[in-house]
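Each structure below is given as structure tokens.
Shared between the two complexes below is chain A, which pairs with chain B and chain C, respectively.
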Partner chain A sequence: MALILLPLIFSLIAWWIPSNFTRIFGLISTISTLTLSAVTVCYFKSNEPILIDLGLRFVRFSIDSLGFTMMLLTNAVFFLVFLSNFKRELVHDIRFTALALLMQFGLLGIFTTNTILGFYLFWELTLLPIFLILYWFGNFEKPRAILQFFLYTLLGSLAMLLAVIGLMHATNQQTYEGLLSADLNALGNTSTLLMGGFLLAFAVKIPLFPFHTWQAETYTKAPVAGTMLLSAIMLKMALFGLLKWVLPIFNGIATDFWRWPVIVLGLIGIIYGAIIAIRQNNLKTLFAYASLSHLGLIAAALMLQNGETNQIAVVQIVNHSIVSIGLFLAAGIIEHRIGTAELTGLGGIAKVAPRFAFWFGVLTFVSLSVPFTAGFIGEFFLIKDLFAAHNLTGILASATLILGAVYMLKAYQAPMFGPTKVTSFEDLHWSEITVFAILSIAAIYLGLSPQCLTDFVAHSLSQPTL
Partner chain B sequence: MAKDLTLLFILALPLIGFAINGVFGKKLPKAFVGGLATGVVFIAFLLATTLFSGLHGTQIVKLFNIIDFDGLRINASFQIDALSIWMTLIITGIGSLIHLFSMGYMSHDEGYHKFFTYLNLFIFSMLILVLGSNYFVLFFGWEGVGMCSYLLISFHYNDAQKGEANSLAGRKAFIMNRIGDVGLLLALFMLIGQFQTLEFLRIGKALQDNAVLQGSALFFITLCLFIAATGKSAQIPLFTWLPDAMAGPTPVSALIHAATMVTAGIYLTVRSNFLFELAPATKDIIMYIGLATTLLAAFMALRQNDIKKVLAYSTVSQLGLMFVALGFGAYSVALFHVTTHAFFKALLFLGSGSVIHGMHEEQDIRQMGGLAKLMPITHFTFLIGTMAIAGIPFLSGFFSKDEIMAQALHHNPTIYVVLVLAVTMTAVYMFRLYFLTFHGTFRGGDTLKSKVHESGTSMTLPLIVLAVLSVFGGLLNLPGLFFKNAAHWFDHYLSHGTMGLDQVHNAHLPFTTSMALMIFASTIAIGAFAWAYLTYSKKGNIAKADEAQNGWERLSAQKLYVDEIYNSIFVKPLLALSDFAGKVIDIQMLRNGVYALADGVLNTANLSRKWQTGFLSNYLFWMVFGLITFVAYYILKLSVWH
Partner chain C sequence: MDSIVILFISGLLGLFVGMRRQPLSALVISSLGLTGAALAAYFRGQYTSPLAAYTAYIPTQSAVVILLCIVTLLAIWGGYQRYRQENEHTGDYLSLVLFSLCGAIMMAQPNDLMLFFIGLEILSIPIYVLVGIEKGSALSAEAAVKYFFTGSFASAILLFGIALLYGATGSFQLVEIQSNLAIGIWQSPMAMIGSLFLLAGFAFKIGAVPFHFWGPDVYQGASNAVLMYMSTVVKITGIYAIVNVFGQIFRDSYFYWIDLISLLIVLSMFYGYITAWKQTSFKRLIAYSSIANAGLMLFALADIHNSNIFLFVAAYAFATIPLVTINEFADQNSDDLSNWEGIAWKNPLVGAALVLALFSLAGIPPLAGFFGKFSLLWSAVPHIPYTAVLALIASVIGAFVYLRLLMLALKKPEVQVKKALSAEQTIVLLLTTISSITALYLI
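== the complex of A and B ==
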């Protein structure tokens, strides 16, 4: 329990921390959360979920191996975000630190809650901090850009709320196990409708085409730490919800109905995002569309509801977090030091900042899923399973390999190698190098032995379908 | 030493070199960096020779398990057999010579340690590619060499004039290779679907045991494998990256873009011979694509004036020739040509590197001439390389090319006639290149002439070794014509130690026909030599300036405008589509649609004024807070209700 509450406590304490210590405080609190969860995981047996029952109806937590993975990922992401922003103004602001920690609490709640209502509550809880971060620290000229994000989210949340209520109403169950045992197929089309409510909320958050239009603008205008949080972990809660809750619970009529529509939207996202990314001039916008492309693949693969695909999907989820932190950090570094992330204003950075050129290059290759990185395994097996489901899906999905090379190499080469436009560039700070190094090592480790992760999550992914 | 341990050492050595130079290379002295990189590859070569001499059947070395699912288990495992060890010998043998050459060639480069780091990483990836015992490990190496190729092509991204062009060339190579990679990926998926395994041996065995596999499935599998091969081995339609790849430092062109990586497609086909043998339609496609490539590339090479570009198109053309052999099912013949080609093409590229080094980075042969006296060793070895590739009798290229021609004549005389045309062009452009570079008078001006020098020992030594190999390489696989007992050593070696190949038999022509073929081929090569001598040396003709070219010369020099055609039918439409999707669909239609909706909502709620006065944070807060309260209400309500 302390695992989940810790960020909340830190978040409350944060308001009383003097501003000189803010950034140290942020770092310490995220490190301690990360350490605690890492230690706990050593004592955790993946076939024995930890159940935390406080005797209250709706406050029940249960941590299985998938939950643990997401928890570790969350804590690692927050630590890396704080570390990578160590030299920025942002972390000196107590509001940011407190909000981020509150968000961390919300996310941990989502990944561990055992009741459907809890899931919804934590889902909403994570939204508040990110709105405020975007609003206070973002660079939105027009309020309606942020409003767009808000409206989308609101729409999704409302749909989910109705679905949650409907689900509880129809099944008379609210715990995870209860819902799993309930026979939703008996509800017929109602279950399809209820699942649609969830899917709408998730489609906004994953995001799936055509619910993605908030993404590019939000990622571009948000402070880079906010973009990292959004992309690396917060949006993963939709994939998690799909994987852990919606697909097992609605297994049957509803999933059969929604399978192909979601796969098709995912595929459209893969190709559409990649094609748009090719011509984007702003690095952050480019990476946002790349994200649309990468996540479309995961979402489509999850709909196959295959135990092995799901395990690999978790690898790919982790990989995407690694890639998005790395790439947005690189974009943020460029934007912070030069004042723009527009490609037309960049060129020749490699000459003046060799260390940055090296690490950005490594992360570029990680995102290109070269061998020895997690993405290689992830893409290979996800596309394989899509191919097995239908040849055409696999062929279309593999377009991501080619188009990905087109936009990623452009994104790397234009600022780094292009005609010299940047003549002075402060090379990487130790905190930034540490972040890049951790990300690279994690990607390579997962690329060489994905089995350690797939085995770990296998239990919680195979159980529900029994 | 046990075989499996030896194999692991062979793999580990370049990786160690990569790691040490990668981490500490900047601080270490250059001699150590270069020596280490060269040394590890050379030791790997020595170890490979022990494996070669002790070769006995096929042995699998399992390292660890990559992924293990119910239906599919993929290991990081490696295979010792005639084919893989032969490729290993080429890679490490030629590789160590090129490393040695690079120590001299790159000595003034500031990225010295980085260069050797990448080079070792490349050797490692390439070894993974050829030693893997399943398609997954092969794919690992396949993608790995593509990445190294990219890094090395765009190595001089900082160059003041050519930096951007270099990095663009790297990008083009990477993307075109990726198109081929998708073919490999799809082939792998289909193989998994059909066989539930990716191990070569198990697939081969399954095919032997159960021959009722659908013909169409095999057709698509082999077709996809071949698409992959066209990417890596620069065949039509994916060949245009290779000439551009010459932007990389010359040792890279020699190692990656002539001797090793570009032959990966041929290796893949030979390795998968048991699949291709069951898919005759694909073999026909391979043969015709190879034929078209060898012809077109030879034509393009006729009027290139960049010394490396001539060699690049020549490589594409020679690779096409190998694919023709593969199309006829003559796997060992193709691999024999891979071997001799590795000798003489590496020699020619290194020779051109020596010339470029001596000429202070000048690559245009119109600026050269008369280098024979200034660079005697380079000249002599280059001549040998030229004679070998042109098919002058009894040099290595003569024998390996003759085998392919014989296969063609046996299967289809028309193909043979077309090949004669291609082979003639090869001899013509190679001797043209040779005479323009080394004979006549120096055209680069006196200042440059005074600076031209012969290269140092670390560069000339590899040239000499490769020249010897280019001369005697033919001994590996002498035709049955003269040497009844010693003949076809390589065919026997390969077919007895590689799965599937013992089922395939090369055609053998009757005595008189073979004899006639050889005499005819010799006549062509010697004729081309004489013609080029008369034209470029005796009469002193030099290559025309770009503007003076007309008709076919312009077509050849402009590479048949293939790049321009690709640009207008693939690149531009893709960019236009990207613009359309990004600006029209995404922003104008979708995003503005949401904006309109948002405005509508605000107006209805009559909040727009408040919104604009800047109470957004309050607004947001209350919105979310309201939601939470709403939910809390439900919690209570439901709790009571239960």
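== the complex of A and C ==
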């Protein structure tokens, strides 16, 4: 119970913490949730999900190994976000700390809930804190941009609400197991329509190709911590929903109908995102489009509904979180110390800040999926499986490797080397080095032995009929 | 019945105390009266209506009465500050509210159309007076006259509808009307037109498009205290009356009407939310928001045998009352939205209440507004799925209206000025805030 409720309790306490202690408090609370979940995972047997009942009729929790992986990831991400911002103004603000912890609670809820309505509730709950974070700490000139983000996500989630209601009416079930056992193929086209509702919500969140227009501006204008939260963990809600809920439940007519449309959109996203990323001048916008490209690959691969692929997709999800925290942190550091993240204004940082150059370089290589990093395992196997589906999809998906190298090397080379435009640059603070080190170690460890993760999640991924 | 007697007596007492210029005693007496009425309803309420599908704890009938009493209690506390300062009309205000509530209780769950109509008039006439109680204000006078004329017109239409139905079926009793209609009188044009007039009169009372035109002007002219009462209690009563009357009359034939009702829903929601978007006056914004919410409430008619309206109207009232209270806190004499800029920074409780109330109105979980909307859609989706889709699209527009207000209120000011809430306002904001969070446990 404390596993889930701890962030909520901390976020309520946070409002009464004096502002001198806010950043320490944020760090301590995220460390304690991370420690608690890490300790629990040692005693966790993957065939015995942990059940939690808070006395609510429509919301119950059951933590299986996939849920646990996402839970650990969430807690780690929040810890890293607080740690990496330790020297910034942002974490001194009570509002940010409290809202971030509330968001952590919402995310943990999504990853652990066992009922479809609970899934929806927590899905929407995360919207409230991120909206306020973007509004208070973002750098939006006009409220229109932030409202655009809200419009997209709300429209998507209301489609999902209709689908949830329809699903509960059609099957008379509300738990995960109940929905799995229900025969949705009997519904025929209705099940296709219901799945469409879910997919719309997910497509906005992931985001898939035509629904991505909120992403670039939101990422660029949001505070770095907000961007990290959005890309490292909030987008994973949608992939998790696809992986755990929608694909197993709608397995049959509905998934057959939607498989190729989603794969095609994913592929368009891969190539389109990469090409746009190459042309970007702002580091944060560049990384936003890179994210579009990477997540398109995962979404396309998930639609293959193959057990092995799903396990690798989890590795890639974790890897993307690592990469996006690292890259957005680097972009944030540059923006914070120089005042701009425009590539044309940058150059020669490596000379004045060798430590930053080293760690940013490591993260760039992780993002490039060089062998012995998690990205290599993830992308290589996902592309292999897309080849197995159809040669053309495989070829198009491989474009991510080549185009990815182009924009990532550009993003690294332009600010760090080249003509010297930056003469003074404060090198990394210990808290930032710690974050980079943790991320690099995690990426390399996962790259060397991905089976520790794939074996762990195998049990909860093998249950659905594959 | 007990509740009505208690309310009437405490209203009379309040009137006398008010004449002696003792506002606090009048408030205490009215509050005691309301509490007593709620308790009486709770202990007497062993009657279960055929529509008692929703509440497991309290039978439906007493649930409405208790809800109405609590909402009124919050409304008079939220608006009390003004009447403490200018205590000339405190007693009048409080006792008129209580008298009007007597009518609301009579009208909310009728089994007889005559009784229903009397209840409606008892509810309406004090409100005509209340709207005009600001003697010095031209807007208030205009609103009172406008409300009086349009309201009387609507009552006449309603009465005409009742008369036609009586002509067709020979009874005022809902049960008899229903059984007479069931044997085929339904085909008679008299019954058809009568029901149509009834529906129009109802739509007018709850302010659904195309019978909404009185709303914004009247709301703008009323004082915050009256607005709080008017925008909540009247709507709750109206929608309960519709559900009860039509739940009986249309029991076997509602598929004739469902398209018409869908049209009312869609028009009200889109019109209300789209028009609310550009308002510069808070009271007009609340008026348009209430028009849209009236549309949503009509979803209760989608599944007439099993209508889950309780949670929605409660959530709506518990979100509207804190907002109007905050408007009172912002500036007593003006309802311009510019007063709202940065208001959340003046007081932490105001900030919290405001965020939760607006998110609740926008229907974001885990707040009460979401569960209300969910329970309405839950029964509507199998019957009118396309209307539900349109309603959700309108809700997105609605979310924008509320978020725009929220962003205005949360804008960080250059200089922070603290301002204290009065004790009654604190209680109102605390209660509504807590209840909009804990609604989670009701569903």
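Note that the second predicted complex is superposed on the first by the 461 of 466 C-alpha atoms of A that agree within 3 Å, B and C clash if a C-alpha of one lies under 4 Å from a C-alpha of the other, contacts with A are read in each partner's own complex, and residues count from 1 in each chain.
By our rule, a residue touches a chain if its C-beta (ideal position, glycine included) is under 8 Å from a C-beta of that chain, and two chains touch if they have at least 3 such contacts.
Bear in mind the structure is a predicted one, so any value in this text is a computation, not a measurement.
Enquirer: Would you sort A:264 into first (chain B), second (chain C), both or neither based on which partner it touches?
Expert: Neither partner.
Enquirer: Quick one: classify A:161 as touching chain B (first), chain C (second), both or neither.
Expert: In the superposition, A:161 touches chain B and chain C alike.
Enquirer: So in the superposed three-chain picture, is A:350 touching just chain B, just chain C, both, or none of them (first/second/both/neither)?
Expert: Once the two structures are laid over each other on A, A:350 reaches chain B alone.
Enquirer: I'd like to know which partner A:120 touches here: chain B for first, chain C for second, both or neither.
Expert: Once the two structures are laid over each other on A, A:120 reaches both partners.
Enquirer: May I ask you to decide whether A:444 touches chain B, chain C, both, or neither, giving the answer as first, second, both or neither?
Expert: neither
Enquirer: Name the chain, either chain B or chain C, that contacts more residues of chain A.
Expert: Here the partner covering more residues of chain A is B.
Enquirer: On the A-aligned overlay, A:135 touches which partner chain: chain B = first, chain C = second, or both, or neither?
Expert: A:135 contacts both chain B and chain C.
Enquirer: Quick one: is A:272 in contact with chain B, with chain C, with both, or with neither? Answer first, second, both or neither.
Expert: So A:272 only meets chain B here.
Enquirer: Could you tell me which stretches of chain A are touched by chain B in one complex and by chain C in the other?
Expert: 57-58, 120-121, 124-125, 127-128, 131-132, 135-136, 143, 147, 150-151, 154, 161, 165
Enquirer: In the complex of these two chains, what residues of chain C are touching chain A?
Expert: Answer in residue numbers: 348, 355, 359, 364-366, 370, 374, 377-378, 381-382, 385, 388-389, 392-393, 395-396, 399-400, 403-404, 407, 410, 412, 440-441, 443.
Enquirer: Which part of chain A faces chain B closely enough to touch in the complex?
Expert: Result: residues 57-58, 117, 120-121, 124-125, 127-128, 131-132, 135-136, 143-144, 146-148, 150-152, 154, 157, 161, 165, 168, 174, 210, 213-214, 216-217, 272, 275-280, 289, 308, 350-351, 365, 370-372, 376-377, 380-381, 383-384, 387-388, 394-395, 398-399, 401-402, 405-406, 409-410, 413, 416-419, 448-451, 454 of chain A touch chain B.
Enquirer: Quick check: in the complex, which residue numbers of chain B touch chain A?
Expert: Answer in residue numbers: 64-71, 125, 136, 139-141, 143-144, 147, 150, 154, 157-158, 163-164, 167-168, 171, 174-175, 178-179, 181-182, 185-186, 188-189, 192-193, 574-575, 577-579, 581-582, 586, 590-591, 594-595, 597-599, 601-602, 611-612, 616-617, 620-621, 623-625, 627-628, 630-631, 634-635, 638-639, 642.
Enquirer: Give every residue of chain A touching chain C within the complex, in rising order.
Expert: Chain A residues touching chain C: 15, 55-58, 120-121, 124-125, 127-128, 131-132, 135-136, 143, 147, 150-151, 154-155, 158-159, 161-162, 165-166, 169.
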